[in-house]
Amino acid sequence: MEITIGMFGFGKTGAIVAKEVLKDEQCVLKWIIRKTDTKEGEYASHLFGFEHDEGRIYSSDKIDHKTFYKENPVDVIIDFSSVNALQNHKYLAEEGIKIVSAISKYEPEHLEKLKKLGEKTAVLYSPNITLGINFLIEASKVLKKIIPNADIEIVEEHFRGKKETSGTAIRIAEYLELDKEKQVNSIRVGGIVGKHEVIFGLPNQTIRIVHESISRDAFGQGAIYAAKWIIDKNRGIFSMEEALALNFAKKPEKSLK
Amino acid sequence: MEITIGMFGFGKTGAIVAKEVLKDEQCVLKWIIRKTDTKEGEYASHLFGFEHDEGRIYSSDKIDHKTFYKENPVDVIIDFSSVNALQNHKYLAEEGIKIVSAISKYEPEHLEKLKKLGEKTAVLYSPNITLGINFLIEASKVLKKIIPNADIEIVEEHFRGKKETSGTAIRIAEYLELDKEKQVNSIRVGGIVGKHEVIFGLPNQTIRIVHESISRDAFGQGAIYAAKWIIDKNRGIFSMEEALALNFAKKPEKSLK
Amino acid sequence: MEITIGMFGFGKTGAIVAKEVLKDEQCVLKWIIRKTDTKEGEYASHLFGFEHDEGRIYSSDKIDHKTFYKENPVDVIIDFSSVNALQNHKYLAEEGIKIVSAISKYEPEHLEKLKKLGEKTAVLYSPNITLGINFLIEASKVLKKIIPNADIEIVEEHFRGKKETSGTAIRIAEYLELDKEKQVNSIRVGGIVGKHEVIFGLPNQTIRIVHESISRDAFGQGAIYAAKWIIDKNRGIFSMEEALALNFAKKPEKSLK
Amino acid sequence: MEITIGMFGFGKTGAIVAKEVLKDEQCVLKWIIRKTDTKEGEYASHLFGFEHDEGRIYSSDKIDHKTFYKENPVDVIIDFSSVNALQNHKYLAEEGIKIVSAISKYEPEHLEKLKKLGEKTAVLYSPNITLGINFLIEASKVLKKIIPNADIEIVEEHFRGKKETSGTAIRIAEYLELDKEKQVNSIRVGGIVGKHEVIFGLPNQTIRIVHESISRDAFGQGAIYAAKWIIDKNRGIFSMEEALALNFAKKPEKSLK
């Protein structure tokens, strides 16, 4: 089944995600709406060396958002733009277009707006939409339920220049109810792109779940997974963790039956 | 809620498990049935330095299995003995006693018998009942469903003396449909107790799930988890993976709701 | 003390190395000799956004190698070009210019030529000139001497596309006298840039030396280290391992004196 | 060449070391001097299941230290006892008996005494005499010399019960001139016996040297290595790091000659 995609944002990460969508067999990138008018009217497909026309680029200021989505319908939009794009999401909801939002800087009030949108259409929100990180989070939560008495610590390694503690590590610490000061260990050396390790210690065994980032392209794969997952939801607001968690339950293993 | 436990087997591993059961607050160890008559009539609790009387030891040959379980009812039995004990399991089933079986050497015909028992009571069977290894297996299966295009390899490290490939690694390879020759890598050096690592590779990220064994006590914690899980099942045969898998689904996370 | 550098080769890796040399405070990049005449007469410094003139580019076919090195003397040349460049190395030797050669495809006969050059000047040859890999090799050799009874295995991880076993891993296996079939384990998953791990197992402890590649720029740092090391050698042929090994011995630690 | 060994201390670690010495082909355990008179007059060899008589046990209070060493000469003594034993070391020095001291609690004044002894005989002192940890320390120092611009951090993992930061980690931090607060990361989970990892980060590569403890027997192997190394020294005080460092230099590799 073909899935038609619209995108908000064509910055560094947005472009990487667009490329992944173009490469995906099931997805068709109908259009991209960006803030500036650079490359306006061109097709993203050409910028990535494809022959065919796919992913026409529009400038947000030069289209009428009230009518655009009715005239250019898609199944799902993937938002890698900025907080501002949120103001036009209501027009998406009216058309029943599903929303995959990967904005990292949302404040509580923005999340409130997203929830409202969830009453009209299906919205998936994730500040770090890579599959690996979200699997790490979900699997860690499950493991904590299985072995509540385990001691848990997080080690995150990043390039020397990264000043603050990894936001992802802090988020994991919150989910696992850890002491962010004592149980999150930050290593800052050289050019490590990004590594997150959650260590579960029991008296007689140690379990480690490790995620190593190689490049930002990972965001594209995560966004596509989210788009394919949300396509058959009607309304409600979901998290990437849910997209993976529900997947866990889908077919319970019956290894002996 | 108190859970009464009976045990089959009091060998090296059985004793370790009994000790863990004695230490568990929710579990009460009613009795232990062993092959020999060593320590017969004594209480396992005393052997581990506890003051009170718990876990009376019986010799399998000196009790009447037809009546013993009716006269000495328990909620669950944990079996760390041997294949032979299977012949008396029917009396357990008649009393509706749940069975947690951790015999590693079962042949297909034994598994058939277990399934039959599953028509009368709830049976959980796992050849490697440590929580960690089973979490590793279950999480790996889930991750493969989430990222089916990932490349997967297994690395297992054990002490130099271990000749054959790790049975656990082979089992994981079967679950993940890997080539046991090419995708299972066996390291044999020094005195490593046991390490299993499943590596999932995507173009832009790598995910590793690692289990390191420190000692055999891990079996006790796994058996207790299984006993607590099976207590509210009526009948059927289950695997440790299921016990963990169902746990995943129990309360799906609603991180934004 | 300033070190003047000449370079052979300005391909993908050569350019990365040139950039590192330009950035190094002690080194001055006098010139670069490349096969083609692209950018001929320009300064490499400008190509990397520097204001000043440094690293003039020459085309190998358009200079007279017999006289060039006398007219354009340098302390050390760094060779990242190809086997062919070797034919002109004799003119370098005549001028007493030190040679750092990082050609990976040399055949035995080429190495013979290098040895001959070593009778007139100092030559350092290394097919993988990154500091990390060479430290890993040297440290592994030393550790094997310290604990000859240790079991040793190598694990090398690379992107799925890499068909053959890592040449570096094979080289390490040769140095450590391991069975290349049994004791070198190759993992091929996703997009891993390159990871080499040497595992030393003793009955009661395990030691791991691990090298993870992030990008090719590492070659530049290795070449610069080699150039600074060879500058005060007169003649002879050396390996990168020696450059590091001798460094070990330079000042033996006297931690208690 | 046979090496005759005397031992001070027969506690938990001392006994483990004695067993390793008994198993070593080159070493002969002449006697063991312990504080208490337990097993006095017996042979340690029998306690470990050996048939022959080796390693007679003496009680420190019941022998005349002034004459004992002249009457019962050995090549080297290995000291795993306590600070108190130091008072009799002068009699060892007089006989030219080499000393391998593995007392962890020495204060500066005790180290002063050891240095004095070093004027008469050869003394090797190491508070953590396992080969692996000392290799890790020495290799880390060397690597820091090779890549002084690398960022360095230490991660040490131990069982939850271990309150303070690992003394070994602190010692490594001192050698590498790291900030003990910021660059030493302590993980406390479950039953991890002991793991020390030194991470060296460069912009394009990461190097990790990792030591994992499996059991205390490692001390025996380290002590035997030290005894074999010190046997041909005349006088002076040495560290385990030196024993390994000098080993580095012994035969510099000439891989191309």
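The letters A, B, C and D name the chains in turn, as written, and every chain counts its residues from 1.
Going forward, a residue touches a chain if its C-beta (ideal position, glycine included) is under 8 Å from a C-beta of that chain, and two chains touch if they have at least 3 such contacts.
All values reported here derive from a predicted model rather than from experimental measurement.
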| item | value |
| --- | --- |
| Equivalent interface positions on subunit A and subunit D, same or different at half | same |
| Chain whose average C-alpha position is farthest from subunit D's own | A |
| Mean-CA-position distance for subunit D and subunit A (Å) | 52 |
| Whole-Å gap between the CA centroids of subunit C and subunit D | 37 |
| Inter-chain centre distance, subunit A versus subunit C - centres from mean C-alpha coordinates, in Å | 41 |
| Set of subunit D residues in contact with two or more other chains | 190-192, 202-206, 214-215 |
| Contact set on subunit D toward subunit C in their complex | 111, 114-115, 125, 130-132, 135-136, 138-139, 141-143, 145-147, 175, 202-218, 221, 225, 237-239, 241-242, 244-250, 252-257 |
| Subunit B to subunit D touching residues, read off their complex | 190-193, 214-215 |
| Subunit B - residues contacting subunit C, complex | 150-153, 155, 157, 159-160, 185-192, 199-206 |
